[in-house]
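The two complexes that follow have chain A in common; it is paired with chain B in the first and with chain C in the second.
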Partner chain A sequence: MRNSLVLDKNYLSYWLRQIRQKMSLIAPIRVGNLGVVLKTVENIHEIELNCPASIPSAKEFLFPQKEDMFRLSEGTVDILRNDTKRLIFGVRSCDISAIALLDRFFGENFVDDYYMSRRVNTIFISIVCNNPEPTCFCLGLGTGPFLKSNFDIQLTDIGDRYIVETYSKKGSDLIKDYYYLFSKPKKSDYETQYEILLSSQASFEKRINLENARQKILIERISDPFWDWIGRRCFECGGCVYECPLCTCFNVLDRVKSEGSGTRFRIWDACMFKGFTKIAGNIWPAEKKGTRIKQWYFHKLLYYPDHFGKFGCVGCGRCTITCPGHIDMATIVYKIDIGDKRRR
Partner chain B sequence: MKTKIKGIYIPSKAEIVEILDMTPVIKLFKIKPKRQFRYKPGQFVMVSLWGVGEVPISITSTHGLHEYIELCIRRVGHVTSATNLLKPSAKIGIRGPFGNTFPMKNARGKDVLFVAGGLGIVPLRPLITSIINEKNNFKRIALIYGSCNPTEILFKDDINIWQKKGMHITLTVERKDKGWKGNIGLVTEYLKRPKLSFRNAYAFICGPPIMIKATSNGLSLIGMHEDNIFTTLEAHMKCGVGKCGHCYVDGKYICTDGPIFSYAEIKKHSLFD
Partner chain C sequence: MDKIPTVCPYCGCGCGLYLCVENDNIIGVSPVRNHPVNNSSLCVKGWNCFEFIQHPDRLRYPLIKEGGSFRQASWDEALKLIAARFSRIKESSGSDSIGIVSSAKCTNEENYLMMKFARAVIGTNNIDHCARLCHSSTVGGLAAAFGSGAMTNSINEIAYARLLFVIGSNTTEQHPMIGMHMLDAVDKGAILIVADPRRTQIAEFAHTHLRHRPGTDVALLNSIMNVMIREGLVDIPFVKRRTENFDSFKDTVMKYPPEVAERITGVSAEDIKKVARVYATEKRSMLFYSMGITQHITGVDNVCACANLAMLTAHIGLPMTGLNPLRGQNNVQGACDMGALPDLYSGYQKVADPKLRKKFEMAWRVKLPSTPGLTLIEMFDSALKNDIQAMYIMGENPVISNPDASHAWDALKSLDFLVVQDTFLSDTAELADIVLPAATFAEKDGTFTNTERRVQKIKAAIKPFGESKPDWEIICALSREMVYDLNYRATHEIMEEIALLTPIYRGILHHRLDNNYGLQWPCPDVTHPGTPFLHRMKFAKGLGTFMPVTFVPPAEIPDKKFPFILTTGRTYFHYHTGTMCRRTSTLEREYPECLMEINPRDADSLRIKNMDKVRVSSKRGTIIVSAYVTERTPEGIVFIPFHFKEAAVNLLTNPALDPSAKIPEYKVCAVNIEPVK
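The block that comes next holds the complex of A and B.
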């Protein structure tokens, strides 16, 4: 159930300080000239409130880059599982939408315990983007700049106050204990919120239509030379995959201390890497760079909608920022949609 | 309905009971898992060697028939090379069984053709055994089995038993040696040898990718229905449960949607490429 309240900005740090006594608090913090990253907060005043989506995405708190799976020592197996209670504050709508999709992916058929044990112990407070970045294109995908459902708590900055919306039970429980900080919104608050949402929607620079690109791929069949041409600009750095909040491929490795003891861990892997599909006996399905890029885009543009009914992209624009070859989602979709002479 | 399983990444212990040398590079491992499980023809387990890695290996024994789980492993990559060095009573980890099974029930009352190339006989063996055991439910049963050379023909005892039980068997080798008096050539040259009514028959194929491609194409040209040609594919796998993404091809996870696909599905999703 969606519920709206109002929180005075002066109370925010008090509220977060109170919550931090119960669980660890993670929020966007500016680190030197690296930009904004999600980190465990030491000083509440360091939190960046008006920042773009962090790089890397919030997925690393649910599906870390390197995660120990179990420890083996003298024949006994310790299953490692992280269940610290966490509040992740200040993530953006795109990340919340991505996590809603990850919940479905990791929760279907075989349930991924590692993801789930982290997920049930994590609460998100998202902030509506009043000023989307030039790289953002969540508007066309319905994953931002604000959310209507599937969030825990959502804040909208309306000047000196926040409109606090709760959707999940986890979210409303977090508010319940601090009810004295919140007040009921006035009619004018709703009006201001509505204006802000409209102006935010209007200020998107990128208008990317993934559905058009999907239709073109399905109907016109983009030829392989197009992907090979894109492949020539790929550095195989894997940046797009690592930054993408919806990429979930991993590799499983063992770190052996001595014989019969050590840790098995999983680590992010990327379909952009050359050896990703190579199997023993020298069979190599996706050897060519173009094939791998095609697989990535087809996964996000075709297979995700087929399976989940949603695109495997939330329009966060992280690949646009990261890709050194400028062959990110927005560019490729634009090329497919608008047309490129090399496409056919 | 698929059921939800927990603890999917934790291998359970298994003991190697017996090792048989099939060829210099292929060994048959009889293993006894600590935790008994049911499995169907065509399914695979993830064999886990501590410090080396995990590989998907098809089960070649039949549930209820063989006392132990049998895995036939050829030395090719890191993990299989390490497995090859193991001695009886060594402990390995296994997870599974994973994957789907051959649509055996659909083939009832029809002719069944098996085409195997080299190690491809391994995943087909449990299916052949189960089909032969309920032979009366099927019409004619035939096997075309091609190997590199006569010494590399696997499961010769089983093949003799199958032949005695009335299976039509065509063996062929690519390179003959002194004692060989049988057929020479690729399996695709002998597809018409068994006298079956191909129009209604079911075919189960396994072998190297190129052989699967040629055979399924050949069978569909003879007049077999593409929905009735089944093959089992292999891919790089890390999890076996549709999460790690290594075997993801054209919207299909080889591990959970497969490894058994019909030729029609393969063509539709271009799984060969």
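The block that comes next holds the complex of A and C.
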């Protein structure tokens, strides 16, 4: 149930400070000249909401790059699950949309305890993107720049105030105790909000149509030389996968200290690596880079819609920013869409 | 979760990244957005650079060898013992019987302290580090030609160049983030010329790929310059105004017309002419080189030839031009800058210069030795002759990395006393009498200097593992035991001393580097913004000097018994002797075993199939590796990476040295190959 309130900007830090007494607070913080990252807040006034949407995603707070699963020593097992209560403040709609899909991936058929333990203890306050970046293309995917459902709390910056919308129970619980900070929106507030949403939608530079690319792949069949041509530019860094808020592959490994003691951990893995599909007998089925890139795009554009009814992409543009070879989702989908099968 | 901004510990690119820390555990990495080097990207090593930090193999406490095996010791016991042994050897056989090996993996502050320890505490100039094995020819060659041995231009200029000439560098694999800028330039329409015997990834993007025979770089470059002079492509005003010694250089170069070079190098005369014309006529031409140029017995000559080329066409001293050696280690530039070299103090100030020595004597309040010390390979030779009796090795693994590795092993075995300070029990540490556990880059503060002279701050993200300590603390503690008080409360105090004594670092202080992109030296005062490109208006030494160089064939040429040329190097997924990367699960899985690249035609004639085991032998040793049949490597040449101790290619390599830089010829040696039945 969507519920709208108004919060004066001057009250924001007070509200966050009250919440922080109950849980740890994570928000975008500026690190000198190096840019903005999501991290635990020490000083609430350092929170930097005026930052690009493409700062590293909130995925790592629910599914860290490396996570210890259990520790074994002399016959006793310690299950290491993180259940710290956390509020992640200031993330964008694309991240919230991605997390809604992660929830299904990690919780629908097989419940991943490690993810779920972090997830149920985390609340998100997201903020509507007033100024999307040139790399953003969430608009066409319905994953941003604002959300209509499936969020905890969503803020819209309307100048000196925020429109505060709550959707989940977790979200409204966070407001309940501090109702004295909030007021009812006026009609003019709704109008300002509507104008901001329209102008935000209008300022997207990238119009990427994933559905067209999907149809092209299904009907026209993209030739292998196209993928090999793309593969030449691949640095095999795994950055696209690591940065993607929807990529969930991991490898499980043991770190043995001595016999009978050690730690089992999991670590992000990527289908962009040839060892990812290595099988017994020293066989590397995806030795060519093109094959692996094709797999990634097929997963995002074909298999994801088959499983979840949605694309495996939320249009956050992080692969565009991180890919050293510039063979990211937006570029490749555009190439497929316009029928560029050039093979130089 | 906290995110600590720091710098990648692998190659010389110096990419900015954050270490993600949760409950004193490092749980991930993310790239710094808009960093001038990596611009939001990282290579696979950077993305996985955190996994080895808390590996259970890490050294937890000092070890003392007793009766052939190690036992746990306290810091106090270990340091007292080292101090006593060093003092005794110093008294009985003199300071010069002790050799110190510093590390390009450690910070500037630590290298500075190590060089101060060697000179002020031990009293010897016998200090060197692995730059000897990678870019000593650059330091020597460019000092002679320009007066400063570093990359002249900056990484973020690359994308705007009009022409890139890459010689002897596998850039996309060894300096991936520099390779990224190169691809950007090519996308923007720049011409790319690659000279490399192997068809590397960067060569696939090249407009012209010159596949010259290994070790023939001088002939190739001389003939390119020959064409320039004959066709009037020389920038005469530049040569007249800013250089010297052109005439004798011209006489030498005239002996290398393209037709002669074609016979020596195997590159067609047409290609040579084409490259000469386009390199000279494009306005913004950048020249890059790496180990393919330096690791030869003619390393200095190769570097000089590159310098000549840049001067002849005036592609230097301006943005988007220049001569750009790509340094291999995260802080090899810094270790050289800090004077971890036998003949130089920090900032390339000569030990032999009495005025400069006086300055350091006054600052350190101790008499300093005046004659240059032994270089790295010479130290090992002297150890065998018993002239060097004790060594103190910090963060290096010469048993795997030195040429003719069994020689290095013998040398270390013959020492009276060996101290190794490292993060893991490396193959070298196993030979030590005392092993000291050091902290990794994530557990200490300091600065690294990347290949483009950018001094960047690293920051401790977690507490040191076990009882390990940062190298600078260990050196300070040891010097106190040896009654010379190296006393610093934190690394910024060391940096202040460096700035005081080193003109090129004078304005570089920690508070200017915190949460920032760093500063590029020379930085002469605290308000100076750093220098993105060198030799503007005037070379560091005044006039640039043309150094006439002649072609000398490699020290070992294939013959009947050893018919193949072996060339060595790194692969994308691994790094040097594998101490860090082989403890990183993703990297180890991607490239789990040593592979020898061999051309399909050679493989056919030897009846070798892909992934067959082969025995590779040279005059010095034999190893067994798997063959990887690929067109990347030309006929008659095989390539083996040196990361793997189970197939240590440096058992085969030739320890022949460049006469002045003393760099060994890793890139060429003759081998025989036979299938293992």
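The rule is simple: the second predicted complex is superposed on the first by the 337 of 344 C-alpha atoms of A that agree within 3 Å, B and C clash if a C-alpha of one lies under 4 Å from a C-alpha of the other, contacts with A are read in each partner's own complex, and residues count from 1 in each chain.
Methods note: a contact is a pair of C-beta atoms (placed from the backbone, for glycine too) under 8 Å apart; a residue touches a chain by one contact, two chains touch by 3 or more.
Please read all numbers here as calculations on a predicted model, not as lab measurements.
*Asks:* When the two structures are laid over each other on chain A, do chain B and chain C clash or fit?
*Replies:* Chain B/chain C on chain A - fit side by side.
*Asks:* Classify the contacts of A:D269 with the two partner chains as first (chain B alone), second (chain C alone), both, or neither.
*Replies:* both
*Asks:* Classify the contacts of A:K278 with the two partner chains as first (chain B alone), second (chain C alone), both, or neither.
*Replies:* So A:K278 meets both chain B and chain C here.
*Asks:* Now for A:R71: first (chain B), second (chain C), both, or neither, which partner does it touch?
*Replies:* Neither partner.
*Asks:* For A:G35 in the superposed arrangement: first (chain B), second (chain C), both or neither?
*Replies:* A:G35 contacts chain C only, not chain B.
*Asks:* Looking at A:K170, would you say it contacts chain B, chain C, both, or neither? Reply first, second, both or neither.
*Replies:* Touch partners of A:K170: none, neither chain B nor chain C.
*Asks:* Of the partners chain B and chain C, which touch A:F250 in the superposed model: first, second, both, neither?
*Replies:* In the superposition, A:F250 contacts chain B only.
*Asks:* For A:R119, using the defined touch cut-off, is the partner it touches chain B, chain C, both, or neither? Pick first, second, both or neither.
*Replies:* neither
*Asks:* Should A:K310 be classified as contacting the first partner (chain B), the second (chain C), both, or neither?
*Replies:* neither
*Asks:* Closest pair of CA atoms, one in chain B and one in chain C, after superposing: how far apart in Å?
*Replies:* 11
*Asks:* From the superposed pair, tell me which chain A residues show up as contacts to chain B and also as contacts to chain C.
*Replies:* The overlap between the chain B and chain C interfaces on chain A comprises residues 251, 253, 256, 262, 269, 278.
*Asks:* Mind listing the chain C positions that touch chain A in their complex?
*Replies:* 1-3, 5, 16, 18, 20, 22, 25-35, 40-44, 46-47, 50-51, 55-56, 172, 176-177, 179-180, 183-184, 187, 201, 204-205, 514-517, 572, 585-586, 589-590, 592, 611
*Asks:* Show which residues of chain B lie in contact with chain A when the two form their complex.
*Replies:* 2, 4-10, 50-55, 76-78, 80, 208-209, 234-236, 238-239, 241-251, 256, 273
*Asks:* For the complex, give me every residue of chain A touching chain B.
*Replies:* Residues 69-70, 72, 77, 79, 105-106, 109-114, 248-254, 256, 259-260, 262, 266, 269, 271, 276-281, 283, 285, 291, 295, 298-299, 302-303, 306-307 of chain A touch chain B in their complex.
*Asks:* Can you list the residues on chain A that touch chain C in the complex?
*Replies:* Residues 26, 31-40, 52, 54-56, 60-61, 64-68, 82, 232-233, 235-239, 242-243, 251, 253, 255-257, 262, 267-269, 273-275, 278, 282, 321-326 of chain A touch chain C in their complex.
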